[in-house]
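What follows is chain A paired twice: with chain B in the first complex and chain C in the second.
Entry: the complex of A and B
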């Protein structure tokens, strides 16, 4: 050990340096936020709680194709469909086990109809896992609460891929026929 | 030897095959749409294009054959661009509603478009429209999605042989439609929908409920409808069944199914399923707990055994129970209850016929591979229509015919009408005379092989009938018979397919003798049509009054002793009562208690009134079944058993192939063997089985036929006769087989009378399929068939109702006109409650075969009053 090192040890130089820093910081502004009193606006595209898009007529836009469930890496989306009276496809149940989601937003990207989103709402801690097992109604109400109006549309314009313009088709081409993807 | 190079890989093959087959044999993938392994090449979609050196144009690999030294490239830029172009053309008119389409995820077009396809199309003409057709109850057609590959049409024409659909229109307006218009009028095998590469023809059973990635489990099992034993896969999501489908190329059916296997599986979820045990109290069936039910059943059985002796108890086993169940059942009835009165419906035709042949030719003579039918050089069908009783076996006959193999049919075989080289349609109930004349002609043309001299002597003693006499009795032209004889005598390894109609005759035993003789002379392989998936199992597991497991006669002392030692029970050595004996003795009051597992006896054996009366005389009727049946409705104790798909087990099919059925879903109830062993425990004999393995290992020790067998063997590819076991070897015994008195055959049926004939129909062969909503939607009510002349005489036309009566009762049934049946018969099925031939049919026993005689049932017909 050098003489210098020995002196450092004896006079607790490191400790003094640290204390000096502490003293200096006592006179500067704090960088931490006082959550929950003080809340921060999430950045656009933040991936928070899931929602199912509600069309203007009040129904869900989801057609039950199951692509979100197929792509979901944690396999936490469950879609149950059946045949309706006029042979249409009915989404009987649409469930997300939110507590298992890894917030990759693959579901949002996979959906050909812009029917599922990750909202920017993140404050949904709960006491039980069951509260985080969300059914269709709950997910639709999430849309109403966090995405309704212009916000939802803006979100899709910016973050939904592939963009609807990728689906250019001639006049009566039956892409996703019978399905109203607007609304 | 032919050597080709595909993508730089040298492949040497013995046979000249197509480039596609050569590539696939070497694991090189070439995309296809119109090609299918079970169908002949078509060359229409041009997805399989490859580049072959020295041939300037791209070639379709599914149609071009390899030649020595050929050099093939399957994924060059040129090929890939061509495929892309083909797909662009296909997509011009394709709706691309994949998110909505039930095929998505298992669609060949979708997969190929994802791999090769253009992302945008350049065609701005717009797409054709074609409304989705829901006119059919089980099949939905969406012809916007059709890519005109013709796979469905080729399947229907060439493999199924139904020729029910066709491509209509031309160019981009081409689509597929049944000849019958919107609704199908076909055999409903659904094989067309399983080969459709896109979502153009689909089953409605899982419409909008299915995505391949929702499936958690694929369970291999065996169809529960008939004795063929087709392989199917049950697909499960969570704890519920999504669908049951075949897997192309798999099992003895190679992925083909008939209507029952494809659509009939929904009986598992029928509302008639039993959920809790029931006990009759104050005349009504009331729900009880399992332990109450076990105790009640055991107490009543003990009581009856003490008061009337073991002989007053009997058991009837069903042909849809697993081998494990019926083995335990016969052990229980024989050992624990001490009665050999155990029988099953197998003893009504299948078992006696098999025993008859085995007495002459040895055990296992009927164990022939179904696939072998199309490899034989001639087929002789008698006693039933294979295409409705065992449809997949029937397909083999159709395939053989299409390959030019002669097919001779005797009697009413509507399904082979277009597939028979020679159809012999003798007057009703005169087949015996026809068989005699065939035999006498064959004796002249064929030499004896000299292997079985006592049998040869017997054959020689059968006197002849001239063709002229036969023409007179059977109403068959001489040259018709002569051409059949000619064909038969030219065959060297023919298949002889025998249905039960030929046995259930006054002369049933003579018919069998004559058939054995013909079979011996022409060196035929025999196939017995079997209506239940485990009819053979009933025989092999000892559910017969005189046979122990392994097909060992009860009088073989050494075997009986060994059996007693292994199971630790004593068995009586007297023959028990047969099914008919059980019913008769119940009627007269000698039998006091009957236990039935998995059989709707009241509906499935003739003269329901008599059977009903016999059952109501009983002090105790225990019925184990998964469905509420007419029989269960009469029971004192009803014990819900688990149904097919809800339990594991094994079946033995008509080729004596043992196959494993898996468990896909949970159900209400218990396995039959578990129910029986619980009752046994209460009767102070603890069978002590923990699971199926214990039962099978006991079977493997008890039955020499199933020596050393394990579930590994059964669930493996081929568990075929004689397994690893020891078939019973015994000398030919012709005892009791007397030379028939030909003179007695010279009688002719009266022309002015009308006889009822049991019609085994495709959709509802017995009482199970009516519990399937899908099959009931295809065929909602029973239908009798009469000839037009008869219909005119009765002034009924198609759709009218006919009142059919005998001394035993009367029924009313819709009528269908069928030109192909004789004028003096009415064909009546037996499948709907209270409306079947067995409701009005009386019968006696054939003295030799001990199976019921169903011929000569005269009926009175009249037009029924108009119905609403």
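Entry: the complex of A and C
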């Protein structure tokens, strides 16, 4: 063993180095968040609790085409429709089993009408399963609670894909700019 | 003991499925002679969800969320693996930009997976501080995932023929900042444990696998490379943008726990390098291929305006790509854990006829008896950590 190696062994150099790092960290900002007291806004496009979009006239925008139910990989959306007097389609029931949902946002992606959306709300733990089996009214009230007014159509930008612009190059796409990384 | 023999008996101990050091629901039945493991029998299947069977009843697009849940700490890499397999099967070529985005995402996943591995592995062995530091960087990456696709773990981001949505300028800037700071962070981890004598004693010379043995056991990924075999799918069968970036494949020498640790640390540096190159090289362009209208959903802004798009939307969502050609393929990608292979048979309907997964964790779990038998019980935990298994992928 070299002298250096011996010195290392006796004086616990590597342990002291580690300790020094720990000590240094005591004088830096804490990175942990005190969660229930201190909350972070989810990023736009966060995939949280569902909501059904309410039109200006107060009714649901959903027309009952059933595409969301068809694409749902966990098959947790149920749409029941019937025929009205003038042969229009009436959505009788629209139900989402929230506890079975995997939050893939495929339902939003599939809906041609921008009628269903995932909100940025994620703290909806409940005591019973019934609370997590959401019917149309509940989903509409989710919209009122989490989406109304503040985010309209632009909220869909993050979900509603693909758009025509995804199939072609557009001018304002993000690319690497050295300036930005320094600034 | 006057003349009488002391009777000894082997003790059977069940480690797991709830033991925190088994990284999930792995159960090891250990036959112990004192502190020495005589026999080790892994029991898998506690997390079996039937992914392969489920895939047979879902359209090609609906399988994507299933792949998220294989190795749930590196779901981006699973998405990419699946999409690459389907694309190769049907001869779809994703656009350049999508390839770069996917490569970035795969490498971010690799870093976040290795960071989690480092933290928990060190925690198992007794170095608690690393765990806290590593989660700081992991949070950074998960935030970036959330920013792009709205989810932190089960991302469902890859699409057949491209990716779900474009990355933003803010994402690129933040990620670039990450790549500039991350090497320093790796050095921090290394300051804590690389030379630490307790760490060295717990890892050096433990769980040795020779190169030949490692190959015979079918190991892949850093677990194989730690034994000195430079096998990496990214080099041997490049997919996405891996043939356009420069990186090295770090290998170990002795094939022990320490060498595998070194391999993964170096791999994080290489991943960082890849991300940086990808950001710099990423071109503008489409993120979904326009040449495979049978597999990608039509543009949403056209669906209500154009009859053909609307029909196409309905058919693709309810039945899947109906005129998909028949055929079968085995395609592999380098997931953080090792070679993740998808064997897909298409019978011309919109759903896979059969999807078989070659998951590295399952193969790696099989080597546990070889590593543990004859070792001390304390090293069992080091051995579980070093092969880096995730039971979601192992049990599928």
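Keep in mind that, in the parts below, the second predicted complex is superposed on the first by the 128 of 183 C-alpha atoms of A that agree within 3 Å, B and C clash if a C-alpha of one lies under 4 Å from a C-alpha of the other, contacts with A are read in each partner's own complex, and residues count from 1 in each chain.
Here is the rule we use: a residue touches a chain if its C-beta (ideal position, glycine included) is under 8 Å from a C-beta of that chain, and two chains touch if they have at least 3 such contacts.
Quick caveat, the model's predicted, so the values are computed rather than measured.
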item: Contacts of A:126 with chain B and chain C, given as first, second, both or neither; value: neither
item: Touched partner set for A:112, first chain B, second chain C, both or neither; value: both
item: Touching partner for A:7 - first (chain B), second (chain C), both, neither; value: neither
item: Larger contact residue set on chain A - chain B or chain C; value: C
item: First, second, both or neither for A:16, with chain B first and chain C second; value: neither
item: Contacts of A:90 with chain B and chain C, given as first, second, both or neither; value: first
item: Which of chain B and chain C A:82 touches, first, second, both or neither; value: first
item: Chain B versus chain C as contact partner of A:70, first or second or both or neither; value: both
item: First (chain B), second (chain C), both or neither touched by A:45; value: second
item: Chain A residues contacted in one complex by chain B, in the other by chain C; value: 67, 70, 112-113, 168-171, 173-177
item: Touching residues on chain C, where the partner in the complex is chain A; value: 58-59, 61-66, 68-69, 97, 129, 136, 139, 143, 146-147, 149-151, 154, 156, 159, 162, 164-169, 171-173, 176-177, 180, 188, 191-197, 279-290, 296-304, 310, 313-314, 317-318
item: Complex contact set, residues of chain B against chain A; value: 95-100, 104-105, 120-121, 123-127, 129, 132, 134, 140, 144, 204, 207-209, 211, 213-214
item: Residue ranges of chain A in contact with chain C within the complex; value: 9, 13-15, 17-18, 21-22, 31, 42-43, 45-47, 67, 70-71, 73-74, 102-106, 109-110, 112-113, 118, 158-164, 166-171, 173-177, 180-181
item: Of chain A, residues touching chain B in the complex; value: 63-67, 69-70, 79, 81-83, 87-90, 112-113, 168-179
